[in-house]
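Note that the chains take the letters A, B, C and D in the order they are written out, and that residue 1 is the start of every chain.
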Amino acid sequence: MTMSSMSFAAAIIIFCTGFFTLLTGRNLFRMVIGISLMEGALLLFIITVGYVPGGVPPLLPLKGLPVNPLPHAFTLTTIVIGASHIALALAFVVRIHSSYKTLDVEKIRGLRE
Amino acid sequence: MTPVLVILIPLTGAFLLPLLQFLSRKIIVLVVCLAGGLSFLGNIWGACSGWLRPTVHLAGGWPAHIGIALIHDPLSSPFLLLAALGFGSVLICSFDRTEKFSWRFHVLLFLSWAAVNGILSTGDLFNLYVFYEIFSVSAYLLVAFSTMEWQAIEAGFKYLVFGTVGAMFFLFGTTYLFLFTGYLNMARISEALMSEPGLPVFIPAACFFIALSIKTGAFPSHFWLPDAHSSAKSLVSALLSGVLVMVSIYVFIRLFSVVFIVLKPLVFPLMLGTGSLSLLTGHLMALRQDDIKRLLAYSTVAHLGYILIGLGCASAAGFNAAIYHAFNHMAAKMGLFLTAGILASHAGTRKISELSGLGWDLPFVSILFVLFTAVLVGVPPLNGFMSKWYITLACVERNQAIPALLIILGTVISSGYYLRIIRRLFSGKGTQGTSKDRGATWYVVTLMGVLCILLSLLPLFPVFTDTLHILGNWIMDISMYKDLVMIP
Amino acid sequence: MNLPFLHLSLNMHPDQISLVMGAFAIFMTLCSALYAYGYGALAKKSQARCFWMGLWSFGVFSFLTVLAADWFSLIIFLELCSISLFLMILAGDVKTAVMYLLTQFAGAGSLLIGVSILIRDSGTIALGPVCPSAFPFFLVGLGLKAALPVMHFWLPRTHSMAPTPASVLLSGFAVKMGVYGLIRLSSESTAPLFLYLGLTMAIYGVIQALLQHDMKRLLAFHTFSQLGFVMSALGSGTEAGIMAALFYSLAHGIFKGLLFCSAGVMEKKYDTRDLGLLGRGIRKDPVTFALFLVGALAITGFPGTSGFLAKSLVKETLKEGHHVLAIQALFLAGIGTALSFSKMAFYGFMKTRPFSGKDMEKEERPREMKYCHAAMLILALGTLALGILPFSLPRSFPMDTRIWLSWGNLLSALSPIAAGILFFTFLPGLFRPLSIDVPDLYWLFSQLERPFNLLSSVLQQYHNGRLPRYLKFLLAAILIIFLLLIRSDQ
Amino acid sequence: MNPALTGFIFLLLIATAVSACLMKDILSSVIALSVFGVLLSIVFSILQAPDVALTQAVINSGMITSIFLVAYSQTMKVRSGEDNTRVIKTYYPFRTDEMVILFICIGLGFFLWKGIVPMGFSSLSGDAANHYINFAGVETGASNIVAAVLFDYRGFDTLGEIAVIFTTVTGISILFEGSRYHRSSSGLSFIVRRSMAFVIPLIILYASSIVLMGHLSPGGGFQGGTVLATASICFCVVYGSSFEAARIHPWIKETLESTGCLFFAGLGLIGLCTGAGFLANGAAGFPLGTQGTFISGGSIPLLNMAVGMKVGAGLSSLFYSMVKILEAPFEGIPGEVE
């Protein structure tokens, strides 16, 4: 297996794990952990897209064939955006806990029908 | 002036406000008004210039495939106009006496305004994602703004979970397209996908479809929408239903008519199906609601269905009809949410069964309410009827019988539930006598009523038909867009 | 594609039929207004405002409807008429009004789909026969307006629950607009369908009418039955048939308006519409009775009234088309009509009232009642004028009118009346007003909302606020979208 | 690098992810997540992405973990009538519906995998990448191509990105508007506090070097700003939560943040005014300098500074908003809860 394929596979597996966590976790924190895992997997995925076998980091002066720098710029942005999502989600969790006194997502269903 | 200023003005307004927080309220209000007015003018200017002479701004001076190109073209210009109207009215409403003044709210408002303008202007897929995230994050927060209400927090969290999943799929789609083509510019990607058949383009298409249907609130992922739109403050609900949802519709049009042009026969029927199901679900759920704002929120789901059906026809007529309907829905739904807010605050409850007799207390507002419902139901000479009729025409033209029948069914169901509210409003006797409280919201609602009537008058002018024609052609014929982006 | 709105809408190009109908619309609106002025039963100011707004807008819109030169504008004005009528009915009963409006919206929707098919397939939407692909939609849409069988479920309830002036307009002109549409729609190919529909309506309406005990419901079913006559006239498929249908609609509008007016006066006086509880009107209010009699004679086709002429015209056209069976069926329907109006006259006006101990008569308001009577008088005069005028102005009428004055024709017009009256006299027990409502299709259609309610309650169960459940739906949807796209990709 | 070792690291990555999913206790899961973040940054450096690795280490495994812990401790504070169960259910063996979800997730993974198979996992693709590699040094003067892309070629994205952080910070301060600082915490022992006093300047020095050398080496405004914010988190942990608030008023942070944003936008406007386009660098007249020296890269160091200012102030005020105690009254649980 090449580096890329391993990396892609790992990214997809982690993404699915994260999605599974999001879906089955009844605790709000666990849902946020799921989101966090998904974000991480996505980052890995994007980085792998830009990977070139045997590449060097995109720093001048170049010491060989560099990897694609564009996905790195992406990923930086994505990391920050993902972190914002997670921080926001956690803030919501704290707020929900202060009004519902529970972290069980099945009990947080004031809005329905 | 360039497209970038249209984004930059509201953004600067948002960045500036925290610096002024300890100054007197008057100055803050002045700055807010100034920034709002400038942003409004900017949007109008963007819309006009985009319509008359499509403009491209290359950020940093780099060509589109290296840097980021911002484009105002005939497709973005109606949406820019829509954003200007929606945000402008909400800004005016936020000065209402009943609203607690908070500069942070205006920060969020300006941020989402900038994000909307960014989405409408950008020609770059990743940039679109970034602006989409500003937009989403500020939308979650706008929903949760009234922090003391548990509903708002819960709705905000649910919206956030859905929106985050949507964002991830959006990014997956972007990454796949980058993997396939090496570009991020939409026109370039489209070109590259056309020249290289055999790629599994359906996977990014599915990712984008999922992401956008989540962000729009279309059928299988509409669950957050009624929660969010009903729990927020009335003016935020108006903004969400009127403008923010339509921005996702814009992205739908842009992506699937430019980037995924190779998948046209696959994706658009899917959109038709999603639209039909949203229509049915929204109307049927609205039928049983007792909370007036929740009912309106479900009706938004249904109207998204109408718009998606229009898009799903994948013809110039369908796109035109959908965009026209987006405008009509904006005017009427914003008006409805605001009037519902006035009525609910007057009655002290949002339950429809307890709104009895309010029609006599607030006659003007109630009559406007009736007007807006008539627009949404589609009473003949009004604009809602016109756009629904255009959508039906487009459906029939494409031999889509079921959506066309569903549109008719939706009209019947929606007139059923709106009549229930109206009946309740005018039943019994008023309690306090005629109220003459005229806040800022009152004026905005009046404005929306006037807007509805103006929109109804539009089809009387042949220019309007020509305009729609140009718009439809622009969407259908993407070579013009590609030329615009790729030459400089 | 050309987006059709402006070129097509507000496209007025009246021909003779339109002009006649337009004049008639104005006439009926004015009569109804006069009657409503005297009637004054609307308790609340708001209701009255609603009613008058509806009435005047109905006048305008119905006038515009019949002037329209293409289907699209016709539909728009038709729908506006429905809304005006909705406002008028609202003053009587809210639920009925809502039901009426929803029905009419459904009809208009069907018509609009029909028009869009028409645009796609034949490119023109000028009034006239339509292409076969669009025909079913037009039939359903216009059928809902004109109360064709099965689609008539809204009619009895609406007519009986609406305030009387609204009933006058409903029966007098609103239904006629549907008929007007059908007249425009009719062609050679549609004739047999219309004929059979018409015969069904004529017979079924009469049978139902005989079983009613509510005066206005009875009249409503007669409207249905009389529309059957109109439809069977269209069923002959000739120019003369269209003429006959038109004339019949006019005549029927006027005398049915008159009948509703008299029923309304009685209702107002005794506060009930139940034939079992009414009576003695002949002595208390001979004027009303006389005017009622004019209407009743007209509807049964007594010579000298407009009904006689109209029926003769219909018979004539059917004879030309050799529809013998149809003529016989209509004869039967005529007997039924005579029977049920004998019943109405007897129980409504002549019989002694059963509960004479408690006099429910109200304080009369002579001055305002006068307006009612004036309106009725105008309608009665109209009935008589339509019956006599064609004879005095032979050239104004397309057909030779004199042959109808032959003895044979007079006999055939009088015989069902005589038969009806005889039946009624000898078998009075059979026709005593029942105390129960006979079920009609309305029940069936009131069940229509059930599946929707069921569906929405099922949907409601899925919107239960559980975020994990929502996300599971999302996951399923994601998978389905992937599957759909991958399948169509390969 | 040794493929076996790489494979092992990937396996470890997956294992930590799965354990973060399956662990019974939330706190353990959070720690597993943090480990996952660190491993991920190692993988990024294996994949030749030093910038990303740094950012990942600082933001995801540092900042986010600390916010997780703060949120966790906030929800664990005992109040009357509180549902104190932390662990709602055990996670293995799976229930049937969870099995179904697992299979659907695997199906989803299959589709996602299908999208990359035909690409053959190759090579540097696209005009854009080639252009960056060949011309970034000449056109922008920066040695770090990623910084050149981030702040010059695609600087507009970065503007959007700081707007996202700005939105989040504003939003979180809205969500915690009715809260105040926790008074009781007095921090750690004297020795720790003294030694922290020596460490803090070093942290700040490190942060500013990351920010200022962003155009030369991996790092930049985001990473440096986050390290700055970490310093303020250290204050909170070591000296108690009210200490830093007393020293640096939240308003100052908000001002710094806004100023950073406005600085960024202003630098962009210079480009617009010269007619070269928004956020233009060399074309707008910024001296590009000699590549590889400290003063080079035109506007990139300035933008880095703006971002560093913004991110540092923003993230620390975000953290402080979360640390505050909620004073929201108990509003009652809506509806019936089974």
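Definition applied: contacts are C-beta pairs under 8 Å (C-beta built on N, C-alpha and C of every residue); 3 or more make two chains touch, one makes a residue touch a chain.
In this text, all values refer to a predicted model and were calculated from it rather than measured experimentally.
With steps allowed only between chains in touch, the distance from chain A over to chain B comes to 1.
The interface holding more C-beta pairs in contact, when A-D is weighed against B-D, is A-D.
Comparing per-chain C-alpha centres with the mean over every protein C-alpha atom, the closest match is chain B.
Chain centres here are Cα averages; for chain A and chain D they lie 12 Å apart.
Centroids built from CA atoms put chain D at 31 Å from chain B. The centroid of the Cα atoms in chain C and the matching centroid in chain D are 73 Å apart.
Chain geometry summary: the mean Cα position of chain A and that of chain C are 67 Å apart. Counting partner chains per residue, chain D shows two or more touched chains at residues 101, 105, 108, 111-112, 114, 116, 125-126, 128-129, 132, 154, 157, 160-161, 164, 167-168, 171, 175, 328, 331, 334-335.
The set of chain A residues touching two or more other chains comprises 19, 22-24, 26, 31, 39, 70-71, 77, 81, 84, 88, 92-93, 95, 99-100, 108-113.
Residue numbers of chain B whose C-beta contacts span two or more other chains: 126, 130, 133, 137, 140-141, 144, 147, 150-151, 153, 158, 161, 165, 172, 178-179, 184, 200, 203, 206, 226, 288. Chain contact topology: the protein chains form a complete graph, every chain touching every other one. On the chain D side of its complex with chain B, the touching residues are 111-112, 114-116, 118-119, 125-129, 131-132, 152-157, 159-161, 163-164, 166-168, 170-171, 173-175, 177-178, 251, 254-255, 257-259, 261-262, 265, 268-269, 271-272, 276-281, 283-284, 328, 331, 334.
Across the complex, chain B is touched by residues 1-6, 46, 75-77, 79-80, 83, 94, 98, 101-102, 105-106, 108-110, 112-113, 116-117, 119-120, 452-453, 455-457, 459-460, 463, 467, 470-471, 473-474, 476-478, 480-482, 484-486, 488-489 of chain C. Looking at the complex, you find that chain D touches chain C at residues 101, 104-105, 107-108, 111, 114, 335. Residues 465, 472, 475-476, 478-479, 482, 486 of chain C touch chain D in their complex. Chain D makes touch with chain A in their complex at residues 3, 6-7, 10, 13-14, 17-18, 20-21, 26, 29-30, 33, 36-37, 40, 43-44, 47-52, 55-56, 59-60, 63-64, 67-68, 70-72, 74-75, 79, 81-83, 85-89, 91, 98, 101-102, 105-106, 108-109, 112-113, 116, 121-126, 128-129, 132-133, 136-137, 142-146, 148-150, 154, 157-158, 160-161, 164-165, 167-168, 171-172, 175-176, 217-218, 222, 291-292, 311, 318, 321-322, 326, 328, 330-331, 333-335, 337-338.
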